[in-house]
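Look at the two complexes coming up: chain A is in both, with chain B in one and chain C in the other.
Up next is the complex of A and B:
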């Protein structure tokens, strides 16, 4: 008696082929997902209590990053400004703007504004802003052109590869430390950046071989 | 008996086992025991995943503990199946035909157990695929200079080749099982697995090429896998491990423990399925001789290791003192006694051909080789170079639960194999009868 129909062999082969395709597709989808903006949140803004615009404050008004992020040169964290910092201006300008109601409320009650973090590193990563600023890694290198962000979004994926690309080849990413908050570096050619970076590496004894080891970031 | 009727009888004997199982009661009893251990495995793994490796006795300085002991032990058991099958195939030792099928299945399930143990040992087992070299968002590759990366590759390749070898070898028997099956569900089951085998000349030609090619691939893999995990030990600056004899020492020890388990399985399967004229005293005799030979080589490894320590002195000598008289002397002497004392029965043919003696020696050797792995891992680690990093290792309940659980994983796999598939290579035995003229 016949066990299988005449088309069984075709179905079996089709099944095997489908399985192979499925495995390949899963690998591709998995790899794509790991790099997707859905996962890395690159370019996504987050809802904030106050729709703060870096474009307005940095791009249009030219306020330096360190005016608000005061601890960036001395501490691991750049720091978020207390409400008093906002009020240095907003006690004088836009005093009645509905948009700023949460800021006034924060000042009145003493409860800080609750900002939602945009640039986030995993907690098993030891990252120190001060040393990066001190050696001339410009803000724009990791945070992108915040002077063009009406609402703040994550500019880079902050994957390990992103950190390592720079740690393994720091030269093109180094700038004069005194200009670290400058956003627009279009007047620096690649050659100039490279030449400056090589000199900076020599001066600061930056050794990629050391920056590449695990315990630099995972302590 | 004429050759054709003998063919008929062998095929009937082997392939009719799954549809008309000869020992349902004994099988169900064993299977219930295996499932209970499997359930224990599930619980032990769940507890590990929820609470982390702190549930084990592993702690600095003894970071390896039971999972790595088990890993080395299970892989070693697996190697014997590959060697019996492939090496004896290429050497045309036809007596292997009664043993190779279940020995290969033993390899498969042992490798599965061995592969899972280091993954569970990772602490975050769900990231085990980081061991594989694939383009990732971290910008790092596995450390190709480390034996760890090569160990991973070796075990994965070994698993794939073992599956391929076992499956290619079983296809012709699956086809005879399909042709003999009367119930629709067995016809379908075997028919699907037999991949449309019709026994045509072209099939046999291809089959022979594929089978011998896979066998030739499998043999160097045994050496590769043992070497890779032996070098994981030998590559470290740990006294008692830092020894160039390790790859050879691990290889013979592995095969020794594997032949012991082949012996146990041969006795159990023979009496469970009543395969008295397929697995004969001749086979027990051969297994016993192999056990004796590999056992004596392992003993030589022990002696060479001790000699190196005596000759080299220093920390190596201290580790030797620790082994023969320290906190873990029981594991050293336990290994020596269980491995080599009952083994001496194997000098006499009368004991080699006795199933009960062979099985008991097998159990003793399997336990002895486990103790040896314990002794190697723990005595190497528990006393470091500095007094501050000395710490005794004590296995916890969950260590033992996982150990027993893995025996459940192995036994469940083996019992399902015995229940569902042809356990002996019927067609190879028939060819042997045909070639020897009946």
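Up next is the complex of A and C:
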């Protein structure tokens, strides 16, 4: 008696081929998903109570980042401005704008505005704004050209790779600390930026060999 | 024996969210407190541990090049939007409808003391809000010093024309 039908070999081969295709497809879809902007949230805006425009305030008016994010030079957090800061101008400008009604309500009731975080790190990551700003890592390195964002979105995928790329080779990402909040600062040639970066690293004793230790960010 | 124990230990960690851990971070919601905010304001009457240093910082520091440089930088961040780089008050925010601030080159403000500028930054003045929450005392003195330096500069005669809003 014959155990296998005449077509069994063909079916087996077809099955093997189908399995290989399935594995390849899963790898592609999985890899694509892991790198997708759907997962990293790059370029995604979030619904906010007030449609705050960095493009208007930074790009058009030229207000320095630190006018609102006051603790960026001294604390781990850059700081979200209290309603008092918004009202410094908006007690006189755009006073009746429906768009700003939640801001006026917040001032009247004392209840802070509820912002949805756009650039947020996982709780298992330690990050300190002040040391980065002090050493000359510009805001734009991580937050992108906020002066071109009508609504704020995440500019970079805050994955470990993103942090490590810079921690392993900081030189091209450093600039004079007084220029950190400038958005368009790019008039240096690559060589000059590299030379400055190397000098800054020597001065601040920045050692890439130590900067990628686990405990630098996971403590 | 070892395998089930290790297995249990491994599985026990499942379901715990490491990304959003069970702790209160700044700016987060906190159902534990009545106002629902994780960030707390100190109760009334609290004396901060560094009260003497804080009080000392409100005293006017000695004039130095470093103080002026600091003042120039801080002036650029907090004052320029209204008072403009030259101190004329022709900043971009007044150009958009905010009442025009006084010119630092006016006789009245040239005669004013540095303490006056410090007090205005601390408490606000007219439609100008207080900046005490944004500019620490030493920086207020630095800005006051820089305003003095601005007043010592000569500006072209035709500068008084306010910038038109665009």
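Simple rule for what comes next: the second predicted complex is superposed on the first by the 214 of 219 C-alpha atoms of A that agree within 3 Å, B and C clash if a C-alpha of one lies under 4 Å from a C-alpha of the other, contacts with A are read in each partner's own complex, and residues count from 1 in each chain.
One rule holds in what follows: contacts are C-beta pairs under 8 Å (C-beta built on N, C-alpha and C of every residue); 3 or more make two chains touch, one makes a residue touch a chain.
It should be emphasised that the depicted structure is a prediction, and the values quoted were computed from it without experimental measurement.
Of the two partner chains placed by superposition, only chain C is touched by A:123; chain B is not. When the shared chain is aligned, chain B comes close enough to touch A:164, but chain C does not. In the superposed model, A:3 makes contact with chain B only, not with chain C.
In the superposition on chain A, A:31 makes contact with chain B only, not with chain C. Look at A:213: by the touch rule set out above, it reaches neither chain B nor chain C. Contact with neither chain B nor chain C is seen for A:179 once the two complexes are overlaid on the shared chain. Taking chain A as the reference chain, the count of touched residues is higher for C when chain B and chain C are set side by side. Of the two partner chains, neither chain B nor chain C is touched by A:189.
Contact residues on chain B toward chain A in their complex (touch as defined above): 135-140, 178, 184, 187-188, 191-192, 195-196. By the touch rule above, chain C contacts chain A in their complex via residues 18-21, 23, 25-27, 37, 73, 76-78, 80-81, 92-93, 96-99, 127, 129, 133-134. Against chain C, the residues of chain A that register as touching in their complex are 61-64, 66-67, 70, 77, 80, 82, 84-85, 87-89, 91-93, 112, 115, 122-124, 178.
Put simply, chain A touches chain B in their complex at residues 3-4, 9, 12, 31, 34-35, 157, 159-165.
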